[in-house]
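Here's a structure for you.
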Amino acid sequence: MKIGIADTNFARYDMARAAIKELKRGCSAEIIRYTVPGVKDLPVAAKILIEERGCCLVMALGMPGPKPIDKTCAHEASTGLIMAQLMTNTHIIEVFVHEDEADSEGELASLAERRTREHAENAIKLLYYPERLTREAGTGQREGFEDAGRVGD
Amino acid sequence: MKIGIADTNFARYDMARAAIKELKRGCSAEIIRYTVPGVKDLPVAAKILIEERGCCLVMALGMPGPKPIDKTCAHEASTGLIMAQLMTNTHIIEVFVHEDEADSEGELASLAERRTREHAENAIKLLYYPERLTREAGTGQREGFEDAGRVGD
Amino acid sequence: MKIGIADTNFARYDMARAAIKELKRGCSAEIIRYTVPGVKDLPVAAKILIEERGCCLVMALGMPGPKPIDKTCAHEASTGLIMAQLMTNTHIIEVFVHEDEADSEGELASLAERRTREHAENAIKLLYYPERLTREAGTGQREGFEDAGRVGD
Amino acid sequence: MKIGIADTNFARYDMARAAIKELKRGCSAEIIRYTVPGVKDLPVAAKILIEERGCCLVMALGMPGPKPIDKTCAHEASTGLIMAQLMTNTHIIEVFVHEDEADSEGELASLAERRTREHAENAIKLLYYPERLTREAGTGQREGFEDAGRVGD
Amino acid sequence: MKIGIADTNFARYDMARAAIKELKRGCSAEIIRYTVPGVKDLPVAAKILIEERGCCLVMALGMPGPKPIDKTCAHEASTGLIMAQLMTNTHIIEVFVHEDEADSEGELASLAERRTREHAENAIKLLYYPERLTREAGTGQREGFEDAGRVGD
């Protein structure tokens, strides 16, 4: 079993290190890492990891900047990541941390670390423990932040 | 006959439970459930349910958050769900309840329950009673809210 | 020759009735109707009408609501309808009437009736009389409203 | 060698006439014209011209209106035209003139005439004289307006 | 090994010259240049360079204008470039310099020169030295501007 990690040198935090640590803690899959310049390069990298490197799931890690153009880039990348999944019938877990989600550099680093780790847990559940995701369904999970929780009932 | 249900652990209400209850009430199809983290993971999940699990219709259930980034995610997910349908010639009924459609948590829960159930009815009509949909054509149906009704005539 | 009509029960006017009346007045094609819940279900319905029911043209009829989310849905549906055309090399005539294009319910009904009929005429021209479209090229045709007319010359 | 021209009866100027005149002046390709109602019908028309009528390049001519909905239509059409090119490995030169680019009807007509002609020249260069395009690379060409010119150097 | 360069005559700076200089400095790949009118013509040009001219990577160089319509064009082009990559499993490095990123023509020229060169370095790393990209992962690289640097740690 191989898990791919596509990350960028545009990001200001080594999200892949966080992902790898968490994946290694939770499963014994082989990890293949593929670094590209920016988030718009992630879709094809993820597709190559799936189709040419045999990965059965990819984590796509990016940190879009705070400007409007960065938001547009992130949107384009996300659209591409969804398309890549549809072309391969394989999950690509998008982990994007927007620079303006945090108020300081330290907070940005913590958020990136935590969100990446929590999404690595999601990756493991998707591959090994899908019933755990179903148990959490509708519970308002929020990666990197406090969970929002259930409403009603 | 198999019907797929793709839902998320991001949602704050167990929409799948509502869907399953309604589907079981109205037909005898086997139901296959597939829970993913968020709405952007729904398109590939729906496509897998169709192509690898034999579902002839999928309900895609999600609850996008209230922030602009959540709206963008929902838009990306919707675009992917339409693409997945075109790639499979199979209906995927999108049931999204936006957190900011309701004024309180209780109202949000009721809306999610009701909209999901009414879309489950739509799913049943699409599969078993298409003539009922045609009879309702142009009557301003609104899932989760009061119907808007006809104009003219 | 078969012409498909995909319509919705979300719409507040029976646009399909208008389309069928006009199509029957202008040609002898067999008409196949397929009603779905909302505009986002139209792309796959249209593609099914083309690929599985043998239609050589489809009219996709919808009435998006006035809220921003409705505008987004309409945009997603339109994108899907264009993709469906590219995947089938077949025309899908989109006839969308936005609720906020009219000032009253009566006006909305008239607009829906008129625009649908004028697009049914376009459908007939595309299939039977393409030279008539070329004769009208550049003349500022507006379905449902007064034509805008030529500029220059 | 065949060149396709897809145009609309929504446009308020006979852009195809301008294109045909310029193409005939610059090359001996056979010209096939295909008129559709609006810009959203252009992508499939262009693809049909390429795949079923043997065109090795298509000019897609349209004149989007000034309202926000018209801008959205133009965006959807452009996205479809790019997709059609990717599906066929063939250039489709988009020539859109937005009604609100001009201050008067006369100016709109002149702009449509000039932009169409200058894009017809581009079409000829793409097919017959690619080295001329390379010679112009980075020179700030603007079809229909004064060129913007080089910066730097 | 062949590297493609797709550029435009709309751009106001000869970005291809900068790219070629940098590529020749860093590798011995054959370079194939393909100039098109504008950024929306880049996706199909890049795909042709890959599929019909044997390029194993393409740089797509463009300089979108400052108006809202130019931003929309750039967005459409970017979406197409990502799609072209997914259809070919090949990297297309997008190098777009927006006219309004710079305060003067001189600054615009410098930015275009520098960003293009730094992306040419990225292209070389992707093809020949992928481990260097991984070494830079998470370091906040910014092509054409000062790097943003790491956060945390």
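A few remarks follow.
The chains carry the letters A, B, C, D and E, assigned in the order they are written, with residues numbered from 1 in each.
Here, a residue touches a chain if its C-beta (ideal position, glycine included) is under 8 Å from a C-beta of that chain, and two chains touch if they have at least 3 such contacts.
The model shown is predicted, which means the values in this text are computed figures rather than measured ones.
After Cα superposition, the angle needed to carry chain B onto chain E is 145 degrees, rounded to a multiple of 5. Mean C-alpha positions place chain B and chain C at a centre distance of 25 Å.
Chain geometry summary: the mean Cα position of chain C and that of chain E are 40 Å apart. In chain E, the positions touching at least two other chains are 79, 83.
If touching chains are joined by edges, the resulting network of the protein chains shown is one closed cycle, each chain touching exactly two neighbours. Considering their complex, residues 7-17, 33-37, 40-41, 43-45, 47-48, 51-52, 65, 69, 72-73, 76-77, 79-80, 83-84, 87, 105-106, 108-110, 112-113 of chain A touch chain E.
Across the interface of their complex, chain C is touched by residues 71, 75, 78-79, 81-83, 85-86, 89-94, 98, 119, 122, 126, 130, 133-134, 136-143, 148-153 of chain B.
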